[in-house]
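Pasting the structures in now, so scroll down.
One chain, chain A, links the two complexes that follow: it is found with chain B in the first and with chain C in the second.
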Partner chain A sequence: MFKRLAEAGAAVALTVDGKPVRAVSGDTVAAALLAAGIDHCRTTPVTGAPRAPYCLMGICFDCLVTIDGVGSRQACLVPVSEGMKVETQQGKREAGR
Partner chain B sequence: MAASDYDVAVVGGGLVGVATAWGLAREGCRVVVLDEGDRAVRASRGNFALVWVQSKGLGLAPYAGWTIRSSNAWAGFAETLKEETGLDVCFQRPGGFHLALSERELEARANNLKRLHNQPGIVDYKTEILDHAQVARMLPDIGPEVAGGSYCPLDGHVNSLRLFRTLHTAINARGVTYLPSHRVENIVKDGAEFRLATAHREIRANRVALAAGNANMHLAPMVGLECPMRPERGQIVVTERLRPFLRHPVVTLRQTDEGTVMIGDSKEERTDPAGLTLGVSATEAERAVRQFPLLANVNVVRTWSAIRVMTRDGFPIYDESESHPGAFTVCCHSGVTLAANHALAIAPMIARGALDKSLVAPFSARRFHVQEAG
Partner chain C sequence: MNAVDLASSYDLIVIGGGPAGLAAASLAARAGVSTVLFDENPGVGGQIYRGITSTPVTNRLILGEDYWAGEALANEAEASGAVVVNGATVWSLDPERVVGVSIAGKARLIEARRVIIATGSQERPFPIPGWTLPGVMTAGAAQTVLKAQGLLPDGRTVMAGTGPLMWLLAAQILRAGGKIEAILDTTPRRNFLRASPHLPDFVLSPYFAKGLALLREVKAKVPVRRVSSVAAVGDGKLREVVSDRGRMPADLLLLHQGVVPNVNLALAAGTAHAWNERQLCFQPVLDDHFESSVPGIAVAGDGAGIAGGTAAAERGRIAAIAAVRALKPAAAVPDPQSVRQRLRREEMGRAFLDWLHRPADSFRQPEGDTLACRCEEVTARQVRETADMGCEGPNQMKAFLRCGMGPCQGRLCGLTITELIAAQRKTTPAEVGYYRLRPPVKPITLAELASLPISEAERKAVER
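This part shows the complex of A and B:
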């Protein structure tokens, strides 16, 4: 659905739920998820409805994911880095993660 | 005698007022609830939602028995509300804790409970002092700094916003007239009936129940009663929704039925409901993390301050007027805990036209005169 613009940066390798995803230096985690065709990054705590990055500017909190073991990070505000472990979040966050 | 519009006018549409109004309607009374508007300083929208027993009654032993009576009635109260409205207020009574973060705090806690239990006429409510290991068996996520705590099996909690909504739904279904933006400016007794002045119009009723929280201080003298108050401010910190980890409410921290964690039991002698004292929220959060270290990187999604309804000595005031027969005060701090009593015990007394002295005589504001004379 999303296509990258022509200008390319250095490749960055991360994993999403353990699967390798290739991103580009300067991507946010949200951009990397969208570019990889991942259609939702979490389910809501109450109804379990799927959610994906939406506002891409830190307002909507719909792109919450677990990054390197820390839950409920805003994917649109965190730049990708080499070896980063991203996990989609199912329902309520687990305290301590 | 003119036929009044209503049997009882309840002044105040918060938890105390609507619980009382619901109880009155169940007794067959024609009831009107006179409330302020949305901008009212409303404790019922900001409270911590405990149905709490332990610690209640130090300084006034009958308050312990009164609290236990409501705590024991709560499950049936919640069930009846559910039958009438289809709404679940999520009452749970798993027993609750007061946690101590040092041996000194634990000792102070134990001494307080000893003083409470040593009062003549006190009801034993089986609060135990537990050490770290004993607490950890029931609350496995406590941090190493928790020296121990007290546990009372009667303590519980509820979803208080849903309780507020449920009671409003219930009074509506029972035909109670609810009038928001009808702040009562003046009350006079005219023959057998009371005339309550509001900016919109005058309301007439045979009886008046003052359930206006801290505003009772100004309303009570209009009907020959007194209700000395000392409001205080509290702050609450709320986290994002988390998977259930806390089976028992702690007096300063509880996980709601919806997963959020509410933190806070601060007390400030200020009564400005707007704004927060950040140092207070920070202290609450810091103590919460020492109690439960797994909260360390959890996100806070809301904070607020609210004004506590607080009588001068912290105990409830239930009174009936001698100079203005038919006027009653229903005033307390713990509007959630005591909601069952207000609906099931106080309201029937008001419907009959007289308080049951065997139950509520200790809660008359006359106690303040005794203290001042002594």
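This part shows the complex of A and C:
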């Protein structure tokens, strides 16, 4: 859905659900997911529908993912860092895990 | 700056680092007022100047000179002596001006003699069929990753909606070498009638020439169609966009129908709000100095009512001058009259834009299975039927249907629920009111709460 205009920053290695993803410093986790073509980051607790980042400014909470073991973080507000482990969330919110 | 390094109190806490917050914090700090600014984003700039200190988009033509004007504000704040903390989410503010803030997983409660809320705006909810499908996002979202990360829409991109920001983003995408299949313009034709009395002011305002140039730039490259319905269709992700003018395959649909004040924090702090019929949103009730109904708490910038980024900075300055005068009457401040004059110039032309781009009822008051509340997946039909059964307000609706109970705390459904109830019960949004909001206005984990240092007094109260 998105491509990079320029690769300004240094490469940052993440894993998303265990698979390696290459991000760039300056990315938020949500931006890294979009640039990597990962098409959803969670499924809803009510009907299990897939969701992807919608607002990218911290208000919709559709970008919730688990980051380094902490559930329900807003991927659009968290900058990537080397070795970060991102997991998509299925169904039930995993807040405060 | 980490949570533990913060002082336990400041003269002034500014919440939000967009133009309003940056201008307010700089002015106050330069006048010698101890000032801290919190913003939850990794960098300053707010929405208009997102990524201003770090954007990888170095070709200045792409984002345009109005974007780069933010550099001066960011530099001014940096040099002012204000403590600017990014990655700092404010989750509570009470009427005694105690601010709850989380930084890197650690929470603190910090006191202030004055608070300026400068949390800005958000895009108005755009509840159409399929708006929760992956592949559908707001125009602002695409603009945010363009500014901050240099990401450009790839694949078949369609835009739908109304308002100056949609055209600005279209131009930025095109200048960056991107492609837009079509723009579905949802501006109701009859809006022009209501807007036309304000045309003379608009023609004299700074928006006029810029707006025309943008339209021309975009229309030269992108087919534009007037539509009166839009739906996103797909199974698990967007496949096509359907309007009353036909269907088109699409990978990305960018929606936008204007911006509205981000009211959650101001409401949770107990400030009075009122319905703005022209802009179709709630906004805080403020005096001439942007002071709210709660003493010592001001709201500046687009959070005070939409007026745009340059006006936001001037409003921040006015609020900061009032704060400095209250805290340090002897300190030198800029002449408020000249600030007000600039503000008036910026606010000119707004009425025309507001009336012209006022979204149609059908795009604000959905029907049938269209989701009104994204988080709890509550449909428009459920809301309408519950209103028909006698439910009079959003708080009761929340108890019946759980709408507004999800993590977004009503940010993406609040206006829709209010308007749906008003429509069903044949009354006004002002009568219906908005969700009652309480802190925390952003989710905070148990671990963060547990990290709150307990004061001497609190410890004495529980220790025997």
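Definition applied: the second predicted complex is superposed on the first by the 93 of 97 C-alpha atoms of A that agree within 3 Å, B and C clash if a C-alpha of one lies under 4 Å from a C-alpha of the other, contacts with A are read in each partner's own complex, and residues count from 1 in each chain.
Here is the rule we go by: contacts are C-beta pairs under 8 Å (C-beta built on N, C-alpha and C of every residue); 3 or more make two chains touch, one makes a residue touch a chain.
Keep in mind it's a predicted model, so treat the numbers as computed, not measured.
By the document's definition of touching, of the two partners only chain C reaches A:His40; chain B does not. Once the two complexes are laid over each other on the shared chain, residue contacts for A:Gly91 go to chain B alone; chain C is not touched.
Once the two complexes are overlaid on the shared chain, A:Met57 sits against chain C while remaining clear of chain B.
Note on chain A: of its two partners chain C and chain B, the one contacting more of its residues is C. By the document's definition of touching, neither partner reaches A:Gly48: not chain B, not chain C.
After overlaying the two complexes on the shared chain, residue contacts for A:Ser72 are found with chain B and with chain C alike. In the overlay built on the shared chain, the residue A:Ala8 is in contact with chain C alone; chain B does not reach it. By the touch criterion defined above, A:Thr28 lies against chain C but remains apart from chain B after alignment on the C-alpha atoms of chain A. Touch criterion not met for A:Gly83: it reaches neither chain B nor chain C. For the contact definition in use here, the residues of chain A common to its chain B contact set and its chain C contact set are 46, 70, 72, 93, 95-96.
Listing the residues of chain C that touch chain A in their complex gives 40-42, 47, 54, 56-58, 87, 89, 105, 122-123, 132, 134-138, 140-141, 144-146, 148-155, 176-177, 236-237, 251-252, 262, 374-377, 406-408, 411-412, 443, 445-447.
If you check the complex, the residues on chain A that touch chain B are 45-46, 70-72, 91-96. By the touch criterion given at the top, residues 1-9, 24, 26-28, 31, 34-35, 39-40, 44, 46-47, 49-62, 64, 70, 72, 76-77, 79, 93, 95-96 of chain A touch chain C in their complex. The touching residues of chain B, counted against chain A in their complex, run 141, 240-243, 245, 258-259, 261, 292-295, 297-299.
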